[in-house]
Each structure stands twice: as C-alpha cells, then as structure tokens.
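Here chain A shows up in two complexes: once beside chain B, once beside chain C.
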Partner chain A sequence: MLESRGHPNRLGMRGWLFGGRWGPDRYLYSLHRITGLGLLLYFAMHIILTSSRALGQGAWEESMARVSGPLFVIGEYLVFVAFAFHAINGLRLALAEVGFGVGKPIEPIYPYRTALDEQRPIVVVAMILVALLIVVGGLDFFVWH
Partner chain B sequence: MQDQKLWTWHLAAGLVILVLLGLHMAIMHLDAALGIFNPSGGHPIDWANVVARGQTLFFSVTYVLLLGVALFHGLYGLRNILLELAPGPGLKTAISWLLIITGVALFVLGTWAAWKAHQVALGGVLV
Partner chain C sequence: MTADSKPKTVLYRVLRFEPEGSSNPRWQEYTIPYTSGLTVLDGLWVIKEGVDPSLVWRSSCRMGICGSCGMFINGLPRLSCNTQISELGSSTVEVAPLPNFDILRDLVPDLGPMFDHHQALSPFILRPDREELEKPTAEYYQSSAEMERYLQFSYCIKCASCIAACPTVATDPVYSGPMPLAQAQRYNTDTRDDGFDIRKLALRGPQGPWRCHFAGECSRVCPKGVDPAKAIQLLRRDLVADYLRLRRPTPPAAVVEKPDDIARRPDIPEAPPATV
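Up next is the complex of A and B:
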C-alpha cells in the first residue's frame, strides 16, 4: 500500500474542530457542522416547547416565561448567528455541489489553479453577507428593542 | 444509490428551509426592523400575534412543511456525521432507526400542535 506523504484527509473526530493545514474552507466546514448540530438541538427543544400553544394562552405564556431573561436572549442570539452562518454557507455549498463557482476542468499547467481559487471570492462575499446578518440581527436583538 | 438520493433531498430540503426559516427568523427576530406578520404589535411571541398567525392557513401549512423538511435535513445531517465514524452494520441500522423514530415523534408532536393551535385560533380565544 502506498504511504501518503501529504496531509491526512481523515482527521477523525479531531478534524471536526481542527482543519490541520487544509485552510479556511476546512474551518468553514467545521463551523457548518457545529452550527448544524447546535441548530438541531435547539430545533428539537423548540418543537417541544412551542407545542404548548396548542393548550391555550395560559400554557403558552407559562412556557415562554420559563425561557425568558437575559441569558435566554443571548442564547437565542447565538441561535440566530448559527442560522445566519449555516444558511448562507449552506447555500454556497449547495451551489458548489451543482457546479456553480468551482471553475471548469483545465490542463494542469504551472502555476496551478484549483477549484478553491474560483471559490475563494464567493467565500468572501458569503462571509460578508453572514457578518451583515449577524450585525443587523444583533441590532434588532439588543438595540432596537 | 439510496444515499445519493437522500443526499439530493438533503440539499433540496436546505433550499426550502432557507426560504421558510428565513421568513420565520425575519418575523421573530427582525421584528423591530421589519415588523411583518405581527398584527398586534408588541413582541412576536405575544399570544395575540401567535393566534393571528395560527388563524391563517398559510402559517398552519408552512409550519408543518418546515417542521418535516427541517427534521429530515437536520437528522439526516446528524446521521451523516455519525456514519463518518464508520459504525458496524448493526450499529448503523440502530442509528438510522433511532433517528427515524425521533424524527417521526417530533413531527407528530409538532403537527398536532400546529393543527390544534389552528383550531384554537379559529375558535377566537383572543384575549
């Protein structure tokens, strides 16, 4: 069997957090995973808690009171931030998956270009969009209220 | 083969979520800036606003749609993460069934709540 002299692609569970030398895209992947898991955990609790509205006003207001206060507002803002990142980055990933923004196959002539070179400006624009959403969301959460 | 199909559905589900959850987030968390679908003013989770949205067929239907699509997207994503750890065939089957049962249970609960809340809202219990 051939020994790989490159960076190991399979980093195991460590690779969920550390991209090694795989660059910013690998860290976006880690963030996509962490935000996805966080959103799923929130979503499950959210379904259970908000189903109290089926039992009428009293049950609804009681359950909402249980999750009020500054700590929960900060937690909800983190959910919003996770949503903003996961949504925009996910759109970028879905577009890349169907072949948008990864370039056409070319002859490997030095200096080599890879799909990542095509993708980088899209990554930058996507992250600017995420940052904008996070700022607007932050203003709505903490300033405009 | 089946996983390729499920992965395509995972992507398609993501786009549906992008639209519906985008709307949900705009209503709930950009309310000071946009103020949409909160007819009674105040906070979006005030009972009067919850009732006003629950009365409409649009929100009652899209809540259930978003619920199902997002549960599939999230739990299939979790399954992909877990399967990357290369579990044996028995464990893989157990993981799949555990996630399916979890998803169906949450879907039933959420659908019941959306349907019941729609009935409550139409009953005009608006205080």
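Up next is the complex of A and C:
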C-alpha cells in the first residue's frame, strides 16, 4: 500500500525545521517537538544522575559535583524555558485538539478564515504567559538566588 | 527601444525527473515572455508548446475545480492554474512536484498513497438501507443547518496541497494526513450517514487523527478554504466524546415520504429517465 513508486520526495525533518514560507503555527509545532525531545533527554539524564544515590553518599556527592558549574545553571534554565513553553503550549494544544477555540464549519468565502484565525488570540495569550514564566524563572535562577 | 518597452520575461526553474535514467531530479531553467494574467500553468504550456515538449505535469480544468494541478510553487503548495505569476511577487517561478509524494516524472507526484488512506476511511455515505441507497425512491431528509455542519469540508477537490504542507506527513508515511481525515469528518457529520462506528475503527492507531498537532499548514494552503485542520480537531472532539460515552448517536436521516394527496402540476414535466 505504501511502497515507493517513483523517486522519494518526502520532506523528512526538513519539513519541521525549514518550513520556508510557512506560518507561525508550524514553528510552534516544531518547537513543541524539539522542547519535548529536550525534556525527554533531560528526564533520562536526571534519572541516571539521581540513581547514583543508590550507590551511596560518596557516589551521589561526586555526581552532584559534576553538574554544579555555571554552565549547568544555564542548562537547567534552558530546561525550565523548554518546560514553560511545552507546558503552556501543550495545554493550548490539548484544548484545541478536542475542538475548543477552532470555530465551527463556515461557508468558505475568499479570503478564507480558518481555524488558525480562531486560535490566534489563544496563541497570543499562551505565548505571553510563556514569556512571563521565562522572565520570572530567569529572575529566580539568576537574580533572586 | 527604451528600457520600459522591452518585453517582460519570466524565468521558470522547473524540477525535472526522468524515471528511465539513473539520475536524480535536476533543475532546468526556461525564460518565457510575460503577459498580463499569465498563470503558472499557462507558463508551463508556453514552455511545452514552444520550448520543451518533453515537460510533463498533470492538469485538466484550468479553473481550480479538478484538483489535478497542485505543485510546489515558490516554496508553497498551490494550484498552478489558480496562481497568477503577478501574485508571486517575483520574476522567478520555481516549480517542483508536491513534496511528501514520490515523483513519477517531472512535476507528477504519485498520489496513490493519499487515495489509499482516503479509501480506507470510507469517504461515502454508509447506512443500513442499501436497497434505498442503490435505487432511491425519494430524498433523505436534511435541513440547511444540518448541511452546513459538513458543507465546508465537502468543497475538497483532492488536490493534495494539504498533504504536501503537513509536517507530520513529512516524517510519517503511516499518518493519513489532512485530506482523508477531513473527509472522514465530512461523512461522519452528514446526517444521512450512519458510518461513525465503522470509521472509528479505521481512525484508531497511528493512521488516525492523533498524530496531528495543529501546525495548521493544511488550512493555510488549501485553495478551496476547506480548513482541514478544523475538521481534524472536530473529528477528535467527536471521537473523544464517543470514547467517554458523551456522544449521543442519532439514527441516519429518514427518506422523505412522498406526499400522495398532491397532484403533479401539468406544466412541470416528468423527470427524464435515469442514465446510470
């Protein structure tokens, strides 16, 4: 059913990253995947690192010392940034994906109004929330502590 | 001759591919005169008729109806017959076959996989009274408001632009893609249809709507304003409601009884005999 019948021309990951003249929602889509993969990687590292506690106090302190430089603080902050985006955008998507904020079927009269236009105010509010979280998180990481 | 009176030209960069040869697709350039109102498809005909008869593509109606001329034009999937060169804002027209489909030859994509997915989702009215469906005695009842729940999705011309634009399809050949899923919703919401439970089974798993994450490009490029992204989200709403047992199934619309106490007006002729 899906075998190749000509020269393969699937965009692959280029389709996520080098969208060309695409719209902002595609970049939110790509960023959502990238931050999701980043969080997964962090989660795996986190599990491996904290599991060293099972090897005793010494092993634990050693692995903690290994991840305590300023570079790791920046890395942790990036994890927080990815979390803030992925969480808020994920909530937006979870609601949109069960039909909230996408509008009803309409008569398509040019210029077409699509579900993206219905969703735009929600996207703007969500991204403002993400920005606020990133700023507050930044203050917490680098100023208040 | 002043610079202004020089005839304007337009440069076509066309992706060529010959399946007989062993070479990869390559770009070929053609310069043709520009005339006001020239569409991208018109330009291809100018090339074929006057410069290079070996250039191959699909098209038919030349008026955005048949859906056969979808191409990747200056970085976006569009109908070539529906795209004025003047609206591209460039004197270079870059034409490639729709991505996410294998290239059969030059600008001809293999749309077979899309139609396989489409067919798997039963894009037609399903209901138990087969006899009535095959040999209708009258119309099924449907109000205008009921029709408007699916009408937008029924304008689809199967041009495949949405599939070429979808980033999920770009990495996932198993996912059905926007057009087939929008058509599943079109028939699910048709009050004459009773196929929700059958399509529900076909929509399970990775080919179903769950791989959509609302990049929305399908709706952005759709030349008919079908808004497949909306259809997919509404399809999911119905599937989730059904899963949570919140969806109230309704029987398919009944046949409108023919009134037997009204005489036919003599000035209205009988319908001609059926041809199929």
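Things worth noting here:
Heads up, the rule we're going with is that the second predicted complex is superposed on the first by the 129 of 145 C-alpha atoms of A that agree within 3 Å, B and C clash if a C-alpha of one lies under 4 Å from a C-alpha of the other, contacts with A are read in each partner's own complex, and residues count from 1 in each chain.
Note that contacts are C-beta pairs under 8 Å (C-beta built on N, C-alpha and C of every residue); 3 or more make two chains touch, one makes a residue touch a chain.
Only a predicted model underlies this, so the values are computations on that prediction, with no experimental measurement involved.
In the superposition on chain A, A:13 makes contact with both chain B and chain C. Contact with both chain B and chain C is seen for A:97 once the two complexes are overlaid on the shared chain.
Touched residues of chain A were counted for both chain B and chain C, and C has more of them.
In the superposition on chain A, the residues of chain A touched by chain B in one structure and by chain C in the other are 13, 33, 97. Listed in rising order, the residues of chain A touching chain C in the complex are 1-2, 4-16, 19-23, 25-26, 28-30, 32-33, 93, 96-99, 102-110, 112, 114-116, 118-119. On the side of chain C, the complex with chain A involves touching residues 17, 19, 24-25, 74-76, 97, 99-105, 109-110, 112-113, 116, 148-153, 155, 165-167, 169-171, 173-174, 189, 212-217, 219-220, 222, 224-227, 229-231, 233-234, 236-237, 240. Those residues of chain A that touch chain B in the shared complex are 13, 33, 36-37, 39-40, 43-44, 47-48, 50-57, 60-61, 64, 76, 80, 83, 87, 90-91, 94, 97, 136-137, 139-141, 144-145. The part of chain B that touches chain A in the complex is made up of residues 11, 14-15, 17-18, 21-22, 25, 29-33, 45, 47, 50, 54, 67, 70-71, 74-75, 77-78, 81, 85, 102, 106, 109-110, 112-117, 120, 125, 127.
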